[in-house]
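The next part holds the structures, each set out as structure tokens.
Look for subunit A in each of the two complexes below; its partner is subunit B in the first and subunit C in the second.
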Partner chain A sequence: MWPSRDINIQSLPHPLTKLVAITCLALSVWLISPPTARAQAPSDSDDAYDLSISPPVTYLQVEPGKTVTHALTIENKGQQTLMVSPKIIDFQASDSGAGLDLQAENSFPYLASQTKAVLQETFALNPGQKYRLNLVLSPPLEAQEKEYHLTVLFAAAPVDYPRLEAGPRISGAIGSNLIVFVSPQQTNKGRLKLKEVKAPPLIDSLSALTFQVLAENVGSQATTASGSAHVLNWQKKTVAEFKFFPDMVLANSLRSLRPSLPATGSANPAFEPSGESTFRYKPLFLIGPYTIEVTFQSATTQEPLVFRVLALPFSLMLIVVLAPVLYFLAMYITKLTLASK
Partner chain B sequence: MTSHTAPKTSQKIILIPLLLVIFFGVAMITKINHKYQAASLTTVSVTSSNPRPSFRGALAAGNAALSTQVIINTTANAYPSTSSAQLVQGDTLLIGEGGSLGSYPLASTSSLSTFSITSALAAGDADTGDDVIATSSANLTVRFTTANAIANGRFRVLVPALASDTASADGIPDGGFFDFATTAPTVTCPTPATTTYDFVTGTATASAITVGATDYHVFECAYSGTGAITTDFDDAPNGPIIIANLINPAPKASHTTGTADTYGVIIQHLNSSFNTIDNTTVNIGVIEAVKVTASVPPQITFQILGIASGATACGATTGVTTTPASVPFGEISISAFSNAAQSMNVSTNAVGGFAVTAIENDQLGRDGAACAGDPTISSNTSCIADARGNNGTMANGTSDEWTNTTNKGFAYSLQDPNTTTTEAFAYNESARTFSSRQFADSEAGDSPVSIFSSTGPSDNHNIFVCYRIIAGTTTAAGNYENYITYNATATF
Partner chain C sequence: MRINRTRITVTALIAGAGLFVASVSPALADLLESDSYVIQFGNFNMTAGEKSGPSYNVTDTVGQTGAGPFGQYGSSTYFVGSGFQYIYQIDTFSFRISRVAIDLGELFVGSHNTGSHNLTITTRGAGGYSIYAYELHPLRHSTGSPNIPDTTCDSASCNQVTAGVWTNQSIPGFGFNITGHDIPADFIDSTYYRQFADNSAAEAMQKVMSSTNIASGRTGTVTYKAGISGSQAAGNYQTGVAYVAVPGY
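Entry: the complex of A and B
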């Protein structure tokens, strides 16, 4: 006889009963719960589309009357053969300047005939195989000075596209951006201009001074953001300096500039690293007028531009105003409570 | 008899002192020989902190001032160093004529005869035959065990040197010999300060001794004290002898790259009269570092992977297994959602990051037929239109919660499972359960819409794209399909 078999769950002490029940319930839930995607994600990684292209971005200058060959290499890193179709399309820089919107058409008129022929062809790319595409650009002597924003897109699909009962078919495409400047002159014709400084005119003394700098390239060629933003206090003393990250600003495009990290003066704990396109200055306490001075250092411009922000201790003033009110309110409630008793 | 006895007695008188003298003489000699029995120091080792040889070559013809490309003479044995393979990034080169050498940090090596420097060659530093020098300094650590107890002696380390006193200590590497440098190497002697060994500050003298036909730099550690047998000079408490900042030799004549040049270093134990009692020679090797090279091209890599049925993505359980090329929903219900998902990964070293956009060629049409415009279930029963969400506000740029099965159609959501990337929206944004959007519709004239992106170099940024579909009760039976294209491009 096995005495333990005679012990049923009701005979256990009450807390232990609950513990056993909860444990069993948790185990059951864990056992029947579906696996998470993270744990079970790809159904078969060997079956993945896996494409690589090099270089991802290229800036080219071509003189009219001359021919330039630009090589792109695409590699099939997956385990299945893909049919690849190359094409060249325009792109437009997005409003923030960092992203791009692919267009349906190609406005670049100076592709050599052999390149046009290659772009008509679909080719098979076996697993591990690389394909080198030579783009021959040959603007004629009379070509006008202009910057073209192009994407060379390689659309890929498996050789044996599955026949579906229902549902979407998926294809992947990978692109290389090509910024071509057709010009007879070698000098950089980019010209940055401050479009806007986005900052609140009034801020609280306990908050951070944050702002964004929107630059516009009014020149005819892409150029690198170069320069800095200084924050000056009421004594005209620089309390923060942010160098611009050398992002490219395409011709006739806008771009939200980013601070280089870490900000100059980061040894001072009052400075905090800024993220993305927001410049941030956060000392313990801000007070009085602050001036944001933006300077671009391009080949053709050097124009300090200013924007003013006033910092006042609104939150402290609010506390000063509210504290007596709250005090008298509390006293009044206490008095009423005592009176009712 | 007496006449015979007397001579014998006198012989004894002479013989006994003689024997005593011989006895004490032998005893003294024996004692002396026991104290200074010539032997070798034991457990001797000399280790170099940097076994790389120094570089001493010369410019070939074809160099020019203001150039950052440098061509060296590669004629075998014309100079100690005739291959740029001996150089590594970070080396500082001295180039020019003796007495006016310019300093040029090495940028990279491109061939055995050519390397790049980070600043252009100055005028006068680009002449054929000008010196090209990169010193490789090392600390030599000498460890040993004494064989004899020598009172008030000294330890001496001899390192091969050029015969010329001037050239052996000019700071310019010597082919096949150590250079003393213009500032004497420091000699750190063992540290005990006891009655056995109490060392004074070490000394260094350039090319001071000739042993056989070879000159040697001399480094000495003298001590007072009795000395002792089998004292270890390696680690605490005694410590080794350390010779700091000696310039390694440039390769010997007929040096073979990858094969060590060996040099005999002599360690001696001298008595107070500067006589060498113990003497041991050990070889140290000088050999090029193994140069590992790799180039990383600018690139962007894009992966699409299927996700198995039964997985959880975007808070929903997938009902079908997808492949990179298809989302095979199969038979779909008119009363319950069908869910599927794919995983996408992007890696790039482009400084501007990347963006992945999505667009469908059209809405899901029966047997691939067109779904012109933006149809509804009632207006076109042969289309599974893009869904409009619980609140009817869903579009390709506007998310809406979609949990109500009375709202029919097809849409997608996003999940960043590893918090690696910046997605356009998330399935659980605004406390929603399945926030979703329509795909941009090429047939309707839409442009591709960004679904995830990054503003800098990205290492395996990963996202789940979750598809959801439900048919209307009036949807005609048949096979519905469309094409969705994901474009991955670098940004700038």
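Entry: the complex of A and C
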């Protein structure tokens, strides 16, 4: 129990005592409050720059001839007023994961004129203030079906910098990704195809069976990875099943898929979550041929792609080969030692 | 005998029914209304929220009628967030820089000056994030004295893409080290430095932190270092460094 709860102000006899009690109460509340809540941040120290944006990622479908408004909210959570300049640029999906490469230009041609005007303006954002940017997208009726990968960037710099002897002044930019699919049809046009399974063909029986799955979206719209990878032993029995994490694969892009947790009821006692995009199966001992079968759950499902891995006890064989050699070597050294004596 | 047995049975049934009524939780439903709206049959779910353990993070909603986000937050003319998972559409991506001015002090020949700050990212998006960095130009003296060149490190091996060891204080230049979460692998320890990508020379900005996973307060500490050669004037050198933080998808 905190000491402040034991103070009964009404029972205290004198107004001055009441004042002291209130002061004590306030002090005790101040003392038990988190340090960050009472820190007075100077202009050139902590919390100088703190921006948040919502939503971080949006997938929009716009029909030609119709208009859609997408709202983004940026908030200044720092201690200084920032001058903010919004702009839209393209990004390209990187091959290995969810990373993206920002481009210099903006290829989306269907921004409404009022949005173009707003993107030319710079605005001040005070501490604690929010700003809502409405992007109006209006592709004409004759617009071609295409997916656009865009990042809305808000470049922000403090209005006043502290004086410097020498060194860099820092500014920042925060982005929100906007994936826009211009199409008259509502059906999903994503088509996932297995590009590659990366796994070593030969592994040691005492090591883990690890592999990576690279998917390609050959369709015209972003779609969710859905499906699984099975590991079968030489008896064609499933020994491990990995559901794919439902990552988005953008149109005409590659993505290394990630394992989710194993499917319920799957015979997978040796599942080890390995993070990132590596699938890992590690029982006590691997032996013989293993088959990795990859299947996507979608209307465009192809035949499971099969990849084979052979597990042999190389490390044990090495020990069997080396043991007699080491034995005879030890015997020889012993004999030499005895002879020298 | 038969009456007694019937009485006992009826009494037991009544008692059981009473216990059942007393033990059953009341229905968690309510009529939600104000002057301008009425929501009929609004209900509260049984459980919802974020759960985590050493090897997992999960969000759940149990017992929600019609769970799921309906409409696109911020875009549609309506948005209904029933069930806990609607948070994914209204989530935020946050980027924090602990200091906006790194004072390296007055620079003198034969010694390096350093200064540092933190970059912090928070995002719930499963696609992760990337932070890029670039400089506007190399450190430039206020009087027009020659620039401090970007460092090439002790063995003239580092650039804006690859880090190298830079501890020899007689080697001038300007560069940075980063330690902490999700940093490039070539920053092996605090002695490894890189140049910033030079925007004035049209060099492409480079990633300094990135991850494909959910990020909660992921922090990198950037240390800036500068030193001058004998041909350069001591004094005040400045440039601008920009960080660009973008979420994954």
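The working rule: the second predicted complex is superposed on the first by the 276 of 341 C-alpha atoms of A that agree within 3 Å, B and C clash if a C-alpha of one lies under 4 Å from a C-alpha of the other, contacts with A are read in each partner's own complex, and residues count from 1 in each chain.
Convention: contacts are C-beta pairs under 8 Å (C-beta built on N, C-alpha and C of every residue); 3 or more make two chains touch, one makes a residue touch a chain.
Bear in mind that the values here come from a model prediction, so they are computed numbers and not experimental data.
Once the two complexes are overlaid on the shared chain, A:Thr69 sits against subunit C while remaining clear of subunit B. In the superposed pair of complexes, A:Pro158 makes contact with subunit B and with subunit C alike. Of the two partner chains placed around the shared chain by superposition, subunit B and subunit C are both touched by A:Gly99. In the superposed model, A:Leu60 makes contact with subunit C only, not with subunit B. In the superposed model, A:Met248 makes contact with both subunit B and subunit C. Using the contact criterion defined above for the overlaid structures, shared-chain residue A:Gly172 touches subunit B and also reaches subunit C. In the superposition on chain A, A:Ser52 contacts both subunit B and subunit C. Subunit A uses residues 44-45, 47-57, 73, 77-78, 91, 98-100, 102, 151, 153, 155, 157-158, 161-162, 164-177, 179, 247-248, 250, 258, 276 to touch subunit B in one structure and subunit C in the other.
Put simply, subunit C touches subunit A in their complex at residues 55-56, 72-75, 89-107, 113, 115, 117, 123, 125-128, 130, 132, 135, 139, 205, 207, 210, 212-213, 224, 226, 235-249.
Chain contact summary for the complex, subunit B toward subunit A: residues 297-308, 310-313, 317-318, 320-332, 340-343, 348, 350, 352-355, 357, 360, 364, 410, 415, 417-418, 447-448, 450, 453, 455, 464, 467, 469, 479-492.
Of all residues in subunit A, those touching subunit C in their complex are 44-58, 60, 68-73, 75, 77-78, 80, 91, 93, 97-100, 102, 151, 153, 155, 157-158, 161-162, 164-177, 179, 245, 247-248, 250, 258, 261, 273, 275-277.
Within the complex formed with subunit B, the residues of subunit A that make contact are 34-38, 40-45, 47-57, 73, 77-78, 91, 98-103, 151, 153, 155, 157-158, 161-162, 164-177, 179, 247-248, 250, 258, 276.
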